[in-house]
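Got a structure here, written out as structure tokens. Questions coming.
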Amino acid sequence: MSVIKAAIVGGTGYTGVELLRLLAGHSGVEVSAITSRAEAGTAVAELFPSLRGHYDLKFTAPDVDALAACDVVFFATPHGVAQAQVPALIARGVRVIDLSADFRIQDIATWEDWYGQPHGCPELVPQAVYGLPEVNRDQIAGAQLIACPGCYPTSVQLGLLPLLETGLVESTGIIANAASGASGAGRQGKTDLLFAENNDTFRAYAAGGHRHLPEIEQGLGRAAGGPVELTFVPHLLPMVRGIHATLYAKLKDSAAAASAQEALQQLFEQRYAAEPFVDVMPAGSHPQTRSVKGTNMCRLSVMRPQGRDTVVVLSAIDNLAKGASAQAIQNMNIMFGLNENQGLESPALLP
Amino acid sequence: MSVIKAAIVGGTGYTGVELLRLLAGHSGVEVSAITSRAEAGTAVAELFPSLRGHYDLKFTAPDVDALAACDVVFFATPHGVAQAQVPALIARGVRVIDLSADFRIQDIATWEDWYGQPHGCPELVPQAVYGLPEVNRDQIAGAQLIACPGCYPTSVQLGLLPLLETGLVESTGIIANAASGASGAGRQGKTDLLFAENNDTFRAYAAGGHRHLPEIEQGLGRAAGGPVELTFVPHLLPMVRGIHATLYAKLKDSAAAASAQEALQQLFEQRYAAEPFVDVMPAGSHPQTRSVKGTNMCRLSVMRPQGRDTVVVLSAIDNLAKGASAQAIQNMNIMFGLNENQGLESPALLP
Amino acid sequence: MSVIKAAIVGGTGYTGVELLRLLAGHSGVEVSAITSRAEAGTAVAELFPSLRGHYDLKFTAPDVDALAACDVVFFATPHGVAQAQVPALIARGVRVIDLSADFRIQDIATWEDWYGQPHGCPELVPQAVYGLPEVNRDQIAGAQLIACPGCYPTSVQLGLLPLLETGLVESTGIIANAASGASGAGRQGKTDLLFAENNDTFRAYAAGGHRHLPEIEQGLGRAAGGPVELTFVPHLLPMVRGIHATLYAKLKDSAAAASAQEALQQLFEQRYAAEPFVDVMPAGSHPQTRSVKGTNMCRLSVMRPQGRDTVVVLSAIDNLAKGASAQAIQNMNIMFGLNENQGLESPALLP
Amino acid sequence: MSVIKAAIVGGTGYTGVELLRLLAGHSGVEVSAITSRAEAGTAVAELFPSLRGHYDLKFTAPDVDALAACDVVFFATPHGVAQAQVPALIARGVRVIDLSADFRIQDIATWEDWYGQPHGCPELVPQAVYGLPEVNRDQIAGAQLIACPGCYPTSVQLGLLPLLETGLVESTGIIANAASGASGAGRQGKTDLLFAENNDTFRAYAAGGHRHLPEIEQGLGRAAGGPVELTFVPHLLPMVRGIHATLYAKLKDSAAAASAQEALQQLFEQRYAAEPFVDVMPAGSHPQTRSVKGTNMCRLSVMRPQGRDTVVVLSAIDNLAKGASAQAIQNMNIMFGLNENQGLESPALLP
């Protein structure tokens, strides 16, 4: 097929530059526009020297006609922006892949409660497809508007889906203890994101309630066929990329006997046997975030310590890749009937 | 009183050099001997340039007479060493503070099971006092042999004691998700401890079972007045010092109503009101490991997210300080009737 | 003597909190005021949790009467601030120790040229004493206004003084290649200081000309008894604290024969024999920044590679300590006739 | 052409795994063997989880027949190994690309002096081509044995070649101040390479003389058409990948007038105009190591601070890529008449 024309709205953030990095190696796509009000006129390669020689593109102010001339528009923007700009594009038949939180939550009241503002475009929410290919591949193929999952929700859902889909574990009292690299906080000049504030230290944040909680519970609720109650505590790591989720769920008494380590291993391997970007590691493994750095891979490990009733799942992704931009490209590949792996096949940088 | 003569056995590791750093500022103690078979004859300040100008001491081969001439001997050795050398010192009336795991577990079979070797000195285990001052201050004052708590066990027990002592939470299904800086793995030339293997990456390890589990369950069991079942998953952080434990326990139905955020906050503040080295932070705080770096402080925060039944406690210590050498000095201060804070009052280095 | 009453102007930056950390352990000083317009009313321990339990102090808006009631006022402010506030304090007999660049350069035109603004208080510049005790100890003892050296200038001058004072090396073509931890850039929310922008990367900056160049050349010129021409290239390290300067100077032909490694080593050892905070390491050593972390120490090493005409000096300090706040306290100790080491004796944290 | 069969000798080190990472994306090459005595029988993907799904290969013990069956053999081994194994392969017509130091130095006595052992295969040294394409592209195309440049020598030579080839600068008194990420020290379990020994600290090493010095002086001497005298001081950075060299050379009096900033900029741009992997950045830029991470690119910047006689060049590469494995593949592409860029086109991971 002819090359897909893509645009990126909000290209100065980390998910924007990650889209550019990955699309530079994707032969089926050409980035024809990238917008930024603040940097309009600046060359992409000036702001991001790593892209020197890969893009001649300059940032431009957002222009709906220019965006509408593309086959697909990626929104790599803070929440609230896509809600305002997407309707005009949808109306003109453009496909939209939103990396922000604007269309992830189906219940408008819940979204407004957690994001503290009225939803700017509730009418499009019902048709937005949640872009987790391991769950919604078919709907993604036919979608015009994709709501890409958040970084934490991707790592947590992929780790818990096999247990909840099969009803092996209780749907309450689930624990998601997750830690993210600092790039997850975005490219904004805040004192508490300084190098000198985050190197050689570790802390939890938003332990009382993080915006990704309702998104996770919505996704897991669908898998469980009923409400799921999760305690989610995110932490900030002294590193740039990577999310590691350590997940704890209680086996139902009825399932305990049948869920030996071997059975759990088999359950996970079968659930993801056909998935190109979920890697169930051998029993006893501990996935490292660096093993997925820059890639669309999620590596999982499942165990049942001391043979007790608590199942532990370890889940590692790159927050900017499978947690954002690479998964967005996986969605694009599916939407346009390309090879789902295209542009996403490079192994991680190690060491 | 006259100055205490102290010796350190196994002084080339990180807990050894941390003892030296802290004792350099302790006017009541003089380090008169430090042993190392491998480095015998080497000046301490040659191996650790940070101590240039603070110590003229040279490492010496272990010699029981030299050690017996001291008032107190610290063992900063791998497990197994103290078991062999402590009996002779105890017999000669020397006080011993063991930073290793040799005397922490009262049940010999459990120790042998987890450490994979016969216990070298079971007869002394009953008289060894577990050196957690927040629980055993009085026994420490009268003890001749102290088993210093492990780093993870210190952070986990201090975080859970108030909940288990009062029976507010279930004693099973407790989760201790902890992460440690790389210094916790010791100063040994192993490939998987290299800088290039641990920077900019994060992973769990020993998720199937870590040696600190039985120590934690022993301590919490005493607090709960019955067996406690914990799932403990340690992680390795890309930083040098610090342990952060994120703890999850389920409120008993009977306790749920009475355990609002305010009540939990008050419970923790009262439990530790008299403790010089446990700091209960204001409700909603997230303790950072850097805020305790190099100090004997443990900072705690307690919350009840979404008002659900899972209580979350955040606990931060320095694994080499409150998790090892500084707590050992706190024990020494108590044993010798000194001011419990002596030599332990410097604030953390920040940034 | 009675306790010295000290105030800190601009206490929310890294040199301010470092002054607080060090003065917490200085029995001869009490911090009675700390100012910050932005944080007026906030408790110091709320902004810096590492100081919980050490200070009850709140930040206050600057008030000249409150400051004038102190024995000494430290300015831990950006350049330009001290110029405006110092005159009133000097007039009222208060001693002032300025950690900023305002009074370091004796030539007003040079200062205005490099700092791009008119000097706010040229009349006080002549009486300001440059606070490098290794050069100006006597004048410091009698001074009312101290201009504390910059971080880079401290590390570079201490490394080159012995060579220039003795005229062993050419006064032109000197190279100062230096690298600093990110805390040197201050505690301000700028995008290019983010953790995600500075971890796992290294770069030079201001290679075309850095404001510390004229300060360094002024100091070295005094030592050489004539103009010195230096090329100074600073670099930004992916770490929080520490400056390492690698210095290169060409031996005069007349001096080459007499300057064997042994002679250079002896020269440095003799020059600093009486200095409590300059440590000339054994020949062949390589000082590490971590060996001086949090301390007032400067560690030096001198060598003559391949016996060629280029002498290499390695110099390591902590940019926030000997490079700023600890040196300021050393100056204060000298001004008030205290033991020069008081409050500055703790060894570095290692690891 | 048909796919090239490649083998890697010594595949468990960082240059070995980097070859595997890069060749996984090179459609013209198939890795048919990878050797390791220690790991014989272990799956590559077990030792390096980042390669799961990319290689089924197992490590095998070195076997000359298996190696001789390949078109090209890469040696990613410590010095001394290739000297012993290469002759048999050369005799059988196999092309060899040696990433070690064995064949870099043409003067055998110099090699033996710096490496402290007799050279195992002096007879092949004359025919070994030094694999710096920017200098020896034509000879590389016709070579059977390539000696890949060291990491430091690559960054230093590319930065100084334009100045020495044109005779603009003095050939003595040149300074190469370089810093490397810890991966440059290799994947060996040494205490001084531990994370806890190298994080948050910085130091010089081998300042008295590093093995890369003679290699650099050999290469620069060829460019200058006569002996070059360099002072080279390497430093160890608290990061994994990247080398940054800051180079200082003195303009000849005759050249000073003609070498304004613009002229130097133009000189560098013209010298490398046709080079796919040398990027001369705009005047005033400061190349960051992260901008070349994982790539074969060398980014340069040249300036003349204060218009004085010292020219400063900043040079950034990835020590494992352009400094080793990627440059080896660039050499292979040239030797086999492939597109020189093949497999080397991905932009760096940023952030």
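For reference, chains read A, B, C and D in written order, and residue numbers begin at 1 within each chain.
Just so we're on the same page, a contact is a pair of C-beta atoms (placed from the backbone, for glycine too) under 8 Å apart; a residue touches a chain by one contact, two chains touch by 3 or more.
The UniProt protein names, listed by chain, are A, B, C, D = N-acetyl-gamma-glutamyl-phosphate reductase.
Predicted, not measured: the structure shown is a model, and the values here were computed from it.
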item	value
Chain whose Cα centroid lies at the greatest distance from that of chain D	B
Selected pair, greater C-beta contact count between B-C and C-D	C-D
Inter-chain centre distance, chain C versus chain D - centres from mean C-alpha coordinates, in Å	38
Chain A and chain C: spacing of chain centres that average the CA atoms, whole Å	46
Chain B and chain C: spacing of chain centres that average the CA atoms, whole Å	37
Residue list for chain D, restricted to those that touch at least two other chains	14, 183, 187, 196-197, 199-200, 238-241, 287-288, 290-291, 293, 351
In the complex, chain C residues that touch chain B	14, 17, 21, 24-25, 48-54, 183, 187, 199-200, 240-241, 279, 281, 285, 287-288, 290-294, 297, 299, 320, 345-351
Residue numbers on chain A that touch chain B, as the complex places them	173, 175, 177, 179, 181, 196-197, 199-205, 207-209, 213, 229, 231-233, 235, 237-242, 244, 246, 248, 250, 284, 286-291, 293, 301, 303, 305-306, 308-310, 312, 314, 316, 351
Residues of chain A defined as touching chain C within the complex	14, 181-183, 185, 187-191, 193-200, 238-240
